[in-house]
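As written, the chains take the letters A, B, C and D, and residue 1 is the first residue of each chain.
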Amino acid sequence: MSWNTFGRTLRFTTWGESHGPAIGAVVDGCPPGIALSESDIQPFLDARKPGQNKFTTQRQEPDAVRILSGVFESKTTGTPISLLIENTDQRSKDYSEIAKSYRPGHADYAYDAKYGFRDYRGGGRSSARETAMRVAAGAVARLVIPEVSIVAYVAEIGGDRIDPANFDREEIARNPFWCPDAQAALRWERLVDEARKAGSSLGAVVECVADGVPAGWGAPVYAKLDSDLAAGMMSINAVKGVEIGDGFEAARLTGEQNADPMRPSLNDGGNDGPRFEANHAGGIAGGISTGQPVTCRVAFKPTSSILTPVASVTRDGEATEVRTKGRHDPCVGIRGTPVVEAMMALVLADHKLLHRAQCWQG
Amino acid sequence: MSWNTFGRTLRFTTWGESHGPAIGAVVDGCPPGIALSESDIQPFLDARKPGQNKFTTQRQEPDAVRILSGVFESKTTGTPISLLIENTDQRSKDYSEIAKSYRPGHADYAYDAKYGFRDYRGGGRSSARETAMRVAAGAVARLVIPEVSIVAYVAEIGGDRIDPANFDREEIARNPFWCPDAQAALRWERLVDEARKAGSSLGAVVECVADGVPAGWGAPVYAKLDSDLAAGMMSINAVKGVEIGDGFEAARLTGEQNADPMRPSLNDGGNDGPRFEANHAGGIAGGISTGQPVTCRVAFKPTSSILTPVASVTRDGEATEVRTKGRHDPCVGIRGTPVVEAMMALVLADHKLLHRAQCWQG
Amino acid sequence: MSWNTFGRTLRFTTWGESHGPAIGAVVDGCPPGIALSESDIQPFLDARKPGQNKFTTQRQEPDAVRILSGVFESKTTGTPISLLIENTDQRSKDYSEIAKSYRPGHADYAYDAKYGFRDYRGGGRSSARETAMRVAAGAVARLVIPEVSIVAYVAEIGGDRIDPANFDREEIARNPFWCPDAQAALRWERLVDEARKAGSSLGAVVECVADGVPAGWGAPVYAKLDSDLAAGMMSINAVKGVEIGDGFEAARLTGEQNADPMRPSLNDGGNDGPRFEANHAGGIAGGISTGQPVTCRVAFKPTSSILTPVASVTRDGEATEVRTKGRHDPCVGIRGTPVVEAMMALVLADHKLLHRAQCWQG
Amino acid sequence: MSWNTFGRTLRFTTWGESHGPAIGAVVDGCPPGIALSESDIQPFLDARKPGQNKFTTQRQEPDAVRILSGVFESKTTGTPISLLIENTDQRSKDYSEIAKSYRPGHADYAYDAKYGFRDYRGGGRSSARETAMRVAAGAVARLVIPEVSIVAYVAEIGGDRIDPANFDREEIARNPFWCPDAQAALRWERLVDEARKAGSSLGAVVECVADGVPAGWGAPVYAKLDSDLAAGMMSINAVKGVEIGDGFEAARLTGEQNADPMRPSLNDGGNDGPRFEANHAGGIAGGISTGQPVTCRVAFKPTSSILTPVASVTRDGEATEVRTKGRHDPCVGIRGTPVVEAMMALVLADHKLLHRAQCWQG
């Protein structure tokens, strides 16, 4: 995990700026012989794509991915898979203001402080546009772990939570919020629309569940499965918190309340693992998967791009005010949902291969 | 960050099991010429050491660290620093039960599932004893970043929070809970003592603040400062959640509420960065430090070692019950506090060196 | 250095197959603020480009490089630099034979043994075409080390060596062999032409000298400057040997003969390093540069693509014979010369940044 | 491979100085369930140990290795294996001269230039003493690749080569030179003894052969098996050259001469690989093993520690002369032989695990 590369065995490197000619990813370490074509990746990109409804930014790009290497006769060869998406919607625009002033809450000032200058067009490298390549790489990772089924959904927007009693997995793809609770989705429609009209923004909490992860993935001590998930999720734009299992709620439970009792497997003849009666731990103990669903929660802040002016400074240190004009996402957590899914897939696929590397039985 | 190694430029590798002959760490990449002796490390180990009062486990070990390499004439040489602590309190004990049954909430089953067997004595490698070496390595890291001042404290035990109005940094070292609120410390004394007597356990939230971090540390996209902090903190035993700045609370704010306005620096002649009027972001934007205090919050679950029997299974898949006898921490978050500090120091020192590597002005 | 990535701080990842749509590299970790455009890279690619004379393969491609990211307003931004070259000369060709039979000396059988199948078009990923991206990345690396001047040249073809007495650095670029000895170049013209006409091939030895490397680059023990050079050079297609300084000749000298005496610097007031009276060591001691020129020698085998039939087997294990028809390089060492230069630049640039990371004075 | 760590999946980190209290290694990534005790390692250390005869340095140390972690009930657990050897022969000695003057050919000046100062006692970290830990780690690596048989031997001392016609593998362990040619061993006895008496030193070439490596280990492009071997071997003290297969000799052959013809396997029913009729390639094609013996050659320079005074400078830049008094190896290549074997084992074991990570059939 070096700078723009993530992963140990299944590694991917992303490159590209919001308003450069293209963005891309190189996925290295993918096993050979896996059927792969653009059509395995495109649907995930389409799901993340902006401009699909009024609740997300109106950037209009096809985001058509091309595979430039690593696939031969429709199968992965074991060599690096290069993925590329051309940036087609690079509006000619006046960037003089953003070039001169620091947008509060954005990376503008931090980039200047680090690098001495920055590509100010649309946030450059710090733009969430980078996450499109995670989604693309994640689509490849999914093919490495066909035994695993991953779903992410928005559990909370602007403090308004879903009701677990209403949870319906089928509902997630039916509304523009990746919301598993149809009633919450209706409430959010109003909530997000109001924020959009007001030029305001809302935070969100995304939950992600991976079913089918066998016991044994992960590694002590600094490549724990939860540690890698935390790193992966926290690296997503606008994310400020990560929880595994009960997360911060666990800190408010007693040991008795937080226990995950185990019962013998029902599988008569097999050597299957125990049945767990609860999953406070989120499917991970000691950094290694237990065979339960792996669960995590991710907090997205409200985007800092708002219509209300915020005090700021110019590059020259003069006082100014910044307000965001034009397109933006009123709730970036919505579009972050497919990214969370992708990171889950990437971490799990990496650990599946890691486990094979170290353990004979793996 | 490979398995038992953490960091990119300042890297440390830990080894050792709870009940083996010793535990140790190798710190590689430390700059040369830094004054270092055992006395720079020992106080931090003493602070973490168990058995100091009735609120932590009664394991009695001096935890005396030895520097075996990398220091010459009392200064670091730039070569690997080997740190070693002998395990002296390896009570002869009957481990037959723990060898046979899986302790729920512990890594026992996961290790067996991964490796085929496990060192069951005191948790082996999965024991929190490993964190002593993080504290030792962290003491070295602190010397790499003398410009930074780090403090961690317990902000919440069993759901009982400190009152920010009572915050007193001096108070932290005065009570056995690393609690900055003297009144909360009194309440916790009763709370934790009750849990201890009942053989129960409590979760905790630890907060950590690093002052003096200059703007510019961190790196897009997968070595973001917050991403590395999340990985480091989540790899600590019993941790289930990590927040940067406002964390999950930010997900409940609007963009206006969450804004960190910037004002021109008061420093007339200097080229100092802006003054920020708030720090919802926790001192990090786009993965790079902004010059504000870097803040994070870490959730510790209640230890799974409790007196109440919990349903479990044996290695052979038979039903059993497990209860913890003997010494244990009623609230592992307390002893986790110096570990959180150490991880903060290690991540920041690593990024200071990284920044020098990439940026001419660094 | 993971699979298709090289370097620790200045890292580059290459991707692409000989006959895929494109090849590319991602250079990560390049410092910001360096003037960079395609015209800084293209000349080096042109120098390596095949088809320039009858002594190299007749593949005709413009090899025009495009920079897709990491540069803004003509300067590096500190973010990943994506370089791409489209493959334009993908002749439609009948690959059925090469698909079926293993070319001896090529990676065909090894790839099949490893991956289960292979992209057989022009060698796929194992083709020397990959080295174009090293040359491109190397051009970026050169800009990171403006204080260093690197030159590589062919010192020997088919066992015929240059005469050091004839060494003329200006001559190197004047003949198609990168030969610093005009007389040797004349001999080689006949030698290589004969090999070409006979469908045979010749080996070569390439030497590389880097002037201006300051003392102090390199790192004990497994990131020694010579160790990294060895890794980089040995990873070039067709390379079978690497020497630093006197290399294998040093094994035949006595300690007295191999000594590099040091004299005080002539620089009166400065703290310049010693003057060395010899450079058997190739400018590296203990894995760290000494301030002398860094020198290495690289052995290229004769290409295995020859007209003479060689016994082989088919994928099905049947006996067959393989002979190479069509274009090929009679002496791949010639085109390897710019690649050797590029690897020298990449290793040195990486170590310059590494040195800055660890050493305050760096 | 970061600084003092080698390997990707099976990684080892060494630490320690020649005259510090101890030296050690941490082997991380070793698979679980492998029988391991000190007695599996000690014989290899004893073979490398100095002071065994008059042809090696007279340092007298038992070099007794201790396993401090990673083994339970006599089997590896999958967690880091900590190996430690105490330095017992730290003669109290006057180091004032070596502290003040740079030994030509040693790392003294380079270390000072890099780090600003150095541990001058016996070379500190740059001492060949570090290689003891490679031998120890290599002994662990051997257990990971029981299918492979590795032997290294000295093929040449001071320019005097063995006669392949006299090659007798059994002879290697019978003489103090690891020499497979009994007659050469007799000649070398005189040669090395003369050098020793004269306070001179001799270079050597060590060859290493690994039988039993299956086809498929290695990885394009920057983790090629030969690239990793080159890095590993070149990182050994005093090594100046590495060859795979025919190495530099291949550069003097034609394509026809250098061909390794393949014939169908004799194994009727199996899917065994082809029989090769020659092994110019050293068992590696395209960076991946072919199933033939993996062979390499390593050039050791004569040690720079000689009785003849050599011009040098002091730390203050004054002219001086340095001559080596006291114990030293007249031919360091001899003691390097077990180190070459160890590095071969470490690289192969790493690649065996890497191959499992990426390839389903692995």
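Operating definition for what follows: a residue touches a chain if its C-beta (ideal position, glycine included) is under 8 Å from a C-beta of that chain, and two chains touch if they have at least 3 such contacts.
Since the structure is predicted, the reported quantities are computational estimates derived from the model, not experimental observations.
S.K.: Could you tell me which pair, C-D or B-C, is linked by more C-beta pairs in contact?
M.R.: Between the chain pairs B-C and C-D, C-D carries more contacts.
S.K.: Copy of A-D's interface among A-C, B-D or B-C, judged by over half the contact pairs being the same?
M.R.: Of the listed pairs A-C, B-D or B-C, the one copying the A-D interface is B-C.
S.K.: Determine the centre-to-centre distance between chain A and chain C, using the mean Cα coordinates as centres, and give it in whole Å.
M.R.: Each chain's C-alpha centroid was found; their separation is 39 Å.
S.K.: Indicate the whole-number Å distance between the mean C-alpha point of chain C and the mean C-alpha point of chain D.
M.R.: Centre-to-centre distance between chain C and chain D: 26 Å.
S.K.: Please report how many Å separate the Cα centroid of chain B from that of chain C, as a whole number.
M.R.: 45
S.K.: Which residues does chain C have that touch at least 2 chains other than itself?
M.R.: Answer for chain C, listing residues that touch two or more other chains: 2-5, 14, 29, 32-33, 78-79, 114-116, 125, 220, 359, 362.
S.K.: Spell out the part of chain A that touches chain B in their complex, as residue ranges.
M.R.: On the chain A side, the touching residues are 1-6, 8, 14, 102, 104-111, 113-116, 125-126, 130, 156, 158-159, 195, 200-205, 214-224, 226-235, 237, 240-248, 250-265, 271, 273-274, 277, 280-282, 284-291, 299-306, 308, 310-313, 317-319, 333, 355, 359, 361.
S.K.: Where on chain A does chain C make contact in their complex?
M.R.: The touching residues are 2-5, 11, 13-17, 20-24, 26, 28-29, 32-33, 66, 68-70, 72-73, 75, 77-82, 114-119, 121, 124-125.
S.K.: Can you list the residues on chain D that touch chain A in the complex?
M.R.: Per the stated touch rule, the residues are 9, 29-33, 78-79, 220, 353-354, 356-360, 362.
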